[in-house]
Every structure is written in C-alpha cells, then in structure tokens.
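The block underneath contains the structure these notes are about, expressed in structure tokens.
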Amino acid sequence: MTIQEIREYLLRFSDSVELLGSGEGKITGPAKIELAGPGQVSFIANEKYIRFLGTTEASLVIVHRSVSVDEFTEKRSFLKVSDPYTAFVFLLKIFAPPRVITAPGIASSAVIGSGTTIADGVSVGEYAVIGDNCSIGRNTVIGSHSVLLNGVTLGEDVLLFPRVTLYEGTALGNRVVVHSGSVIGADGFGFAPQSDGSYVKIPQMGVVEIGDDVEIGANSTIDRATMGSTVIGRGVKIDNLVQIAHNCTIGDDTVIAAQAGISGSVVVGRHCLIGGQAGFAGHLELADNIQVAAKTGISKSFMQPGTVLRGTPAQPMRDQLKLEAMMRNLGAMKEKLDLLDAALKERKSDA
Amino acid sequence: MTIQEIREYLLRFSDSVELLGSGEGKITGPAKIELAGPGQVSFIANEKYIRFLGTTEASLVIVHRSVSVDEFTEKRSFLKVSDPYTAFVFLLKIFAPPRVITAPGIASSAVIGSGTTIADGVSVGEYAVIGDNCSIGRNTVIGSHSVLLNGVTLGEDVLLFPRVTLYEGTALGNRVVVHSGSVIGADGFGFAPQSDGSYVKIPQMGVVEIGDDVEIGANSTIDRATMGSTVIGRGVKIDNLVQIAHNCTIGDDTVIAAQAGISGSVVVGRHCLIGGQAGFAGHLELADNIQVAAKTGISKSFMQPGTVLRGTPAQPMRDQLKLEAMMRNLGAMKEKLDLLDAALKERKSDA
Amino acid sequence: MTIQEIREYLLRFSDSVELLGSGEGKITGPAKIELAGPGQVSFIANEKYIRFLGTTEASLVIVHRSVSVDEFTEKRSFLKVSDPYTAFVFLLKIFAPPRVITAPGIASSAVIGSGTTIADGVSVGEYAVIGDNCSIGRNTVIGSHSVLLNGVTLGEDVLLFPRVTLYEGTALGNRVVVHSGSVIGADGFGFAPQSDGSYVKIPQMGVVEIGDDVEIGANSTIDRATMGSTVIGRGVKIDNLVQIAHNCTIGDDTVIAAQAGISGSVVVGRHCLIGGQAGFAGHLELADNIQVAAKTGISKSFMQPGTVLRGTPAQPMRDQLKLEAMMRNLGAMKEKLDLLDAALKERKSDA
C-alpha cells in the first residue's frame, strides 16, 4: 500500500490529513514505534514517545498535527491528523489479515432445526446446532460447536466464535460479536425459600436482548430475565468472565471489564466504564457516564451522572481517596494521640 | 385455566386458599402487577405494591391473607394465601411453556461408550459424547455437545444444558440441573514445589459427588478431590462463574452467588448464603446458616451458626459495620485531635 | 507393587531412601495416614501427624529421615527420605489409574483442515475441529469437542481436555495441559473511544505463546496480544476461571490461583504466587518471587523481589498488617481521644 493510498484512506475518517516528507515508498504493515523497521507504519499518540521521532526506522509515522517533525522529513514521511491513535486503529483494520473463523457456507455437519430461516451469505461451522424457529441474518458467521436453542434471532453480520451457547429466545442485533465459551440466556438465579429450608426454582420465562454493535468476550454469562428481558444496549463492550444477572439493563456504549459481576435487576446508564472485578448488589441504578474503578463493590444507587466510584462500599472517588489517605495517616494520628495523652498525664502529675 | 383450577392447584401447596370475587373467567398467563392486563394473574408480596390493588387490570391477584381487598372484588378476583410469592412461583411453573432443550430420544450423532447403561426416557442431544461405563438415570436430558468422560453417573430427571463437561467418575443425584459451559470434576489445583523452583503435579485421583436437587449455573467449575470426593450437598444452588476447589464439602441447601470462590478443603455448613464474589481461603470451616455478604474475604473458620459475615478479612457483620462507621468518622477524629493538640500547645505557650 | 520396588522407584528422585522394617508385602494403593489400611502406603510430612505412627494400619509409611520409627518397625515398614511429600506425590503417579480422555487414534468424526500436520501417536477426540495449517506434536491428546482455529501449534505430549478453544496462531509448548472450557487467544479487550461516545474495535493481530509444562485450569481465558504475543512462561500453573489479558507476560514457574485477573500489558516475574481473586491494573510490573495474597488489588509496580503483597490498594504485607491492626484499634483510639477531650474541657472549666 502506498503512503498516498494510506492518506486517502484516512481522509475517510478525518477532515484533514497532512503529508510531510516525500510520501514515496510502499508500506507493508504496522508496528510499534520502537520496533518499526523500513516499510512499516507507526504512530505517536503519547508525548513520551516523541523521543522516537528521530530514531525510529519506520517509513511512515502518524502524529498529532501539533507535533513538529520538520527536521525528520528527509528520512521518513509523516501524516498529521487530529487523532493519531484512532487513525492507527483504522490502519490496523486494513493490515489485519482476513479472519477465517469457519469455512464459508453451511457445514454439512451443522444441524438446523425446523422453521429456522437463514439469510444469504451466512456461514455455519462444523457441528453447530441451531434449534427450531430461529432467524439468522445476512452474512452472519456461526462458529463451529456453537449451540442455539429454539427461537434465537441473530441480526446481520453477527460473528459467533466457536463454542457459544445462546438459550431459547435470545435476540442479537446486527454486527454483534460473541467470543468462545460465552453463555447467553441461561436461567436467572432465582429460588423461593421454603419453610423447610429448601428452595423452589422460580421459572425463568424471559429472554436476553442484545443491541447492535455489542462485543462480548470469552466465557462470560448473561442470564435471561425472570419475566421480560435482560437488555444489553447498543455498542456495549463486555470483556471475559463477566457475569450479568437476570433482568439487568445495560445502557448504550457502556464498557465492562473482565470478571465484573452485576446482580439481578441492576440498571446501568449509558457510556459508563465498569472496572475489572467490580461487583454490584441487586436492584440498584447507575446514572450515565459513571466510572467504576476496578474491584469496587457497589451497594446502592448513584444517580449523579459522571460520578467516579471506588472502594467497598463504593463512594465517589474524592471521598474514597480522602478515606484512603486518612487510613495511611493512622499511624501518625496514633502517635500524636499518645503524645498528647502523655503530655496531659505529665501535667496532671505536675499539678 | 380457570380461577377455580388455579385455586385447586394452589391448595396442593397451601392449607388454605381463600377466593374473593366472582372467581369467573379464564387466566391465560402471569404478569407483573403494574403491567398485567385482563386475563392475567399477578401477585402482591410486598407492601409497596398494595397501591396497585385498585388500578391493576389483572383478572386475578394473589395476596397475603392479611390484605384487605373487599372494595376491589367487584372488578377482579383474589386468592388469599399465606405466602403469595411462593404461590405465584408455583403458578409460573404451570404457565411456563414446556422447555425443549433437545429433541426427545437419543440423537443419532451422539456417541455412547461401551458398558454405558441408559434408562428409559432419556434424551441425548446432537453430538453429545458419553464415555465408557457411565450410568444415565430415567428421564434424564443431556444437552447437545455435552461431554461425559468415563464412569460418570447421572440420577433420574437430571438436566444437562448443552456444552457441559463432566470428568471421569463424576456422580450426580436426581433432578440435578447444570447450565451450559460448566465443568465438573476437572483436576484440583495441586502442585508440589521442587527445590529447583518448578512444580510437580499432584495426581488428582478423587471425584465430585453432587446430591439431589442441586442446580449449577453457567460456566462454573467444581474440581475433583485429590483423594476421596468433593461433595455438593442436596439442594445446593450455585450461580454462574463460581469456583469450588478440590475436596470441598458444601452443606445441604446452601446457596452460592455468582463469581464466589471457595478454596481447597473448605467445609461449608447447611443452609448458608454465600454472596457474589466472596472468597474463601483454604482448609477452613463455616457452621450452618451462616450468611456471607458479597465480596467478603474469609480467612478463618466461623463456627457460630447463623453468623453474618462481611469485610476482608471477614468478621461478624456487627463488628464490620462498627469498623466501617469508625472509618467514616476518621475525618472528625482527626479534626478533634488537631484541635486538642492546638489547645494543649497554646496552654503550653501560656504557661 | 512390592515395597522393594517402591524403594527402587523413589531412588530415581532421591539420593537416599532408607528402608526400616521387614520390607515385605505388596502395596496396592495410597491413602491418607488416618484412613490407610493393610496393603496401603501413606506418608507423614507434617509433625502433627506423627501421632499416627503407632496407630495407622498402613503397611508402608514414608517419613522424613529425621523421624524416629524404631519402635514401630515390627508392625510395618518405613521408607525414610528427605522430602516425604514429594516422594508420596511421585507414588501417587504410579498408582493413579491410566487416564483415558479420548480413545487412541484420530476419531473419524474429527475434522482436520488442510495443511495441518499431525505427528505419530496423536489422539484426537470425537467432533474435535482442527483448522488449516496447524501442527500437532507427537503423542499429543486433543479431547473431544475441542476447536483449534487456523495456524495453531501444539508441542509434544500436550493434553487438551474436551471443549477447549484455541484461536488462530496460538502456540503451546511440550507437555502443556489445558482443562475443559478454557479459551486461549480470544481477542484482547481493546476499543478506541470516538467523539460520538461509541467505540471502534482495535484489531487484535497478535497471538498467545505458552511455554513447556504449563497447566491451565477449567474455563480460564488468555487473550491474544494486540500486536506481538501474550506470553505464558515455562512451568506456569493457572487455576480455574483466571483472566489474563492481552500482551501480558507471565514469568516461568509462576502460580496463579482461581479467579485472579491480570489486566493488559502486565509483566509478572518468575516464580511468583498469585492468590485467588487477586486483581491487577494494567501496564504494571512485578519482580520475581513476589507473593500476592488472595483478593489483593494491585495498582502499581512492585520491583523488590520476594515482596509479599496484600490489601487494596496492595502494599507490602508488613505495612498492610500494621494498617489492619491500626483499624482494629480504632475504637480504642476514639475512646482515648474522647477521654482526653473531656479531661481538657474539664481543666478549661477549672481554669
């Protein structure tokens, strides 16, 4: 790919892409700035990497438009953009080799139930099992060994990696990606305690609905609602080993890191960031744009948009950091207290 | 289903079910009280929903026998019971559509080992693989893509959802339910450190035994014992992504929420409640009826039945709440201390 | 197996194995010292079990060379070694029944892609799916229902239990064991935030490389690198439900307990011990021989080898234990402070 072609490609996503340097030569792939060699493209999005501007072997470097590169333009070319990180991500998409999760078409070993409709361009991998009355949208890929129970609906351009389970009635929007081992729609954890100490299972009659452009990592679990739907909003990104319990609603564009756990009937706002291993008690609500630090334990609702939460029990970051500073100061407090106590006792004996 | 039939059905579980209102009309399904329409049955188990008594469109409402409904009996019917929540759960069971996890009978693609016996009424899904010398009890359902290694024993009316793995020698009682992705009987995590810094694997020769009426969520793991058995008692309910290590014993009717982790050789009593993301150090014991709050970190045994535990390291709830209150008070303490210090210094300079 | 044969076997691992007692009789299997019967071999590695020396029914007991057994040698035989625990572990290996995860040879239902090479002695289970251009080393066992995407490399004597997924390009060394449900090489969790609040996926073009003698538990996840490799060093042991994010490097012989989570680009040294449910923020580093207590939350690098870490945020054990003691002492501090305050006020009113 020529540098000119790269410039034209980036102009699709950016108002201005300024070329400095000769702009000649072919680019064969991307690399980190400190490892890049001739023929490779790299980027600088963080000030501390600017020191590599002079030493990198990259033939092309993408930088922020504010970065001065004039003294290096004889050795290599530069493209100045407003967001070099995102520009580089889009470049990665070009250089990424085409990904083949399963051979095109429907494997002869796949089992497809009655009443199921499959649109054009769908691929279904070896030994995949699709139940009755499912609907699979155009160009969707179902990896080998995935199991769809009855009544599952997949949108267009969905990608299920191998070994995904979707329980009855699960509905996925367009361009949803689900990684291997995840289980969507298993029964919510609901049992009614009986007077003899045993439990009766509460039938879980609802479903899971997942919006467009959601990505779900490996071995995560999202449970079906008791009645109604567990809802994952458009654009939500869920990491590995995450638990989302029955009847939760996760707002659009919220990001949930690995091993976080969200209890039943929680409502999370839009565009929140949930850190790894964070935990939520049930039946609470978070406003939009809330950030939850890793390992935080949330035990009540927080309705102020933009709050940053930390600690167990969780509180706004400022309060939690103050608490943590106070705890680090406990030794000094104790010392001061003991000195005061001694001083007072001394005076008493003086008196 | 008529209201009279519902009343008769509920009488199977309750001494008294009193009908108020006409008792006429057919009920087609259940709904939440605030969403219910004509022909639907709902319930009120919580005082704050009593305000819907007058406005709900439900044709039948199940209430506690202490609730006064006389002014509404012209518009709809009521059934008064001693436990409206449980009554409604039993009703849900009736209205829940029959669940088809896999087609009845044994799929021709299922692989069944030698010496394995399969009782009447068993269903085995597509591509399930059952090892040698297994025993499958009456009416048990094995979902597609489940794998049973050699010597596995399943009781009657067991339900394995698709993609469950049971390692060698795992034994499940009657009516056990295991959700998709769970792995029962994998090797305990045991390695003997060697003088050169490496580890030698300790063979894990034991098994897992699971009692009647246990339910296990999705993607959970229960490891086999090193020698002997890891034991899950009758009626235990385990949520998603739970880890139970080798040689644990979990008492009957204990409930374990999502992402909790129990280390090796722990003994948990009967009828305990373990919160989500709680963690247990190894080789400790909990008495019966202990409640463990979410995210608690248990580092020693607690032998007093009925204790409620919270915090890391865990302590009885009262002590932990006192500690948390004290921590919230740290700022006030510091202020008081500084004032005292200043006052004392002032006097000193006065003296 | 005779006692003499056992002695000869143990001499393979130990300089000296001293026999006391008759050394006659056959040993049929191992057992715990308190449960062992005639014909069984047991061991004592912990002083508190020495009291069983006289009462055990075991025919053979393995003890440390410093233990005095002379008064019991008429009843049973003893083997004295320098490390009785390890000696017993090696004995367990002998008595462990041969483990058959899948029938020998390549199941006719296994699907094997083009360009894939399979060495001698390999077994592939029912319905396993192996992609194109993979390489499978000698005597490796691939459990049923495992899925290898294109370009996977397995060394010799690897054991994949059923239902393992290896994404494109994953490379495993020799003698690696992976338990059921684990997913290696799924996409790293990388998304570039856009100005409209949505995210663009960052292509994950790297791979996972796993060294020799690694064991990975059930339902764990190890993500591929964005560029380059996520690296698991030789001899690393990983428990169940562990998350290792993209671009991590885990040093040789490090042990990671269940449900621990390591964020992106973390570097863990050699021979560390990571406790269960511990969590790591991204882009940090741990030196060699560091121990991390269960549930610890690590938010910065620790470069001093041998440090023991605990708490959230993590700090060296000594500091954390001091902090915890201080917190337990808060009530006493408050009392003292209030007494001082009262005393001072009293004097003031006296003055």
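By written order: A, B and C. Residues from 1 in each chain.
Please note the rule applied: contacts are C-beta pairs under 8 Å (C-beta built on N, C-alpha and C of every residue); 3 or more make two chains touch, one makes a residue touch a chain.
Quick caveat: nothing in here was measured; it's all calculated off a predicted structure.
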item: Self-contact between copies chain B and chain C, residue sets same or different by half; value: different
item: Rotation in the CA alignment of chain A with chain B, degrees, nearest 5; value: 120
item: Chain centre separation (chain B, chain C; CA means) in Å; value: 27
item: Per-residue multi-chain contacts in chain C, two or more chains; value: 127, 145, 163, 181, 219, 241, 259, 277, 327, 330, 333, 337, 340, 344
item: Chain B residues touching chain A - in the complex, by the definition given at the top; value: 30-32, 85-86, 89-90, 92-93, 95-97, 99-101, 109, 125-127, 143-145, 161-163, 177, 179-181, 213, 215, 217-219, 235, 237, 239-241, 253, 255, 257-259, 270-271, 276-277, 294-295, 324, 327-328, 330-331, 333-334, 337, 340-341, 344
item: Of all residues in chain A, those that touch chain B in their complex; value: 111, 127, 129, 131-132, 145, 147, 149-150, 163, 165, 167-168, 181-183, 186-187, 189, 191-192, 194, 197-203, 205, 219-221, 223, 227-228, 241, 243, 245, 259, 261, 263, 277, 279, 281, 297, 312-313, 322-323, 326-327, 329-330, 333, 336-337, 340, 343-344
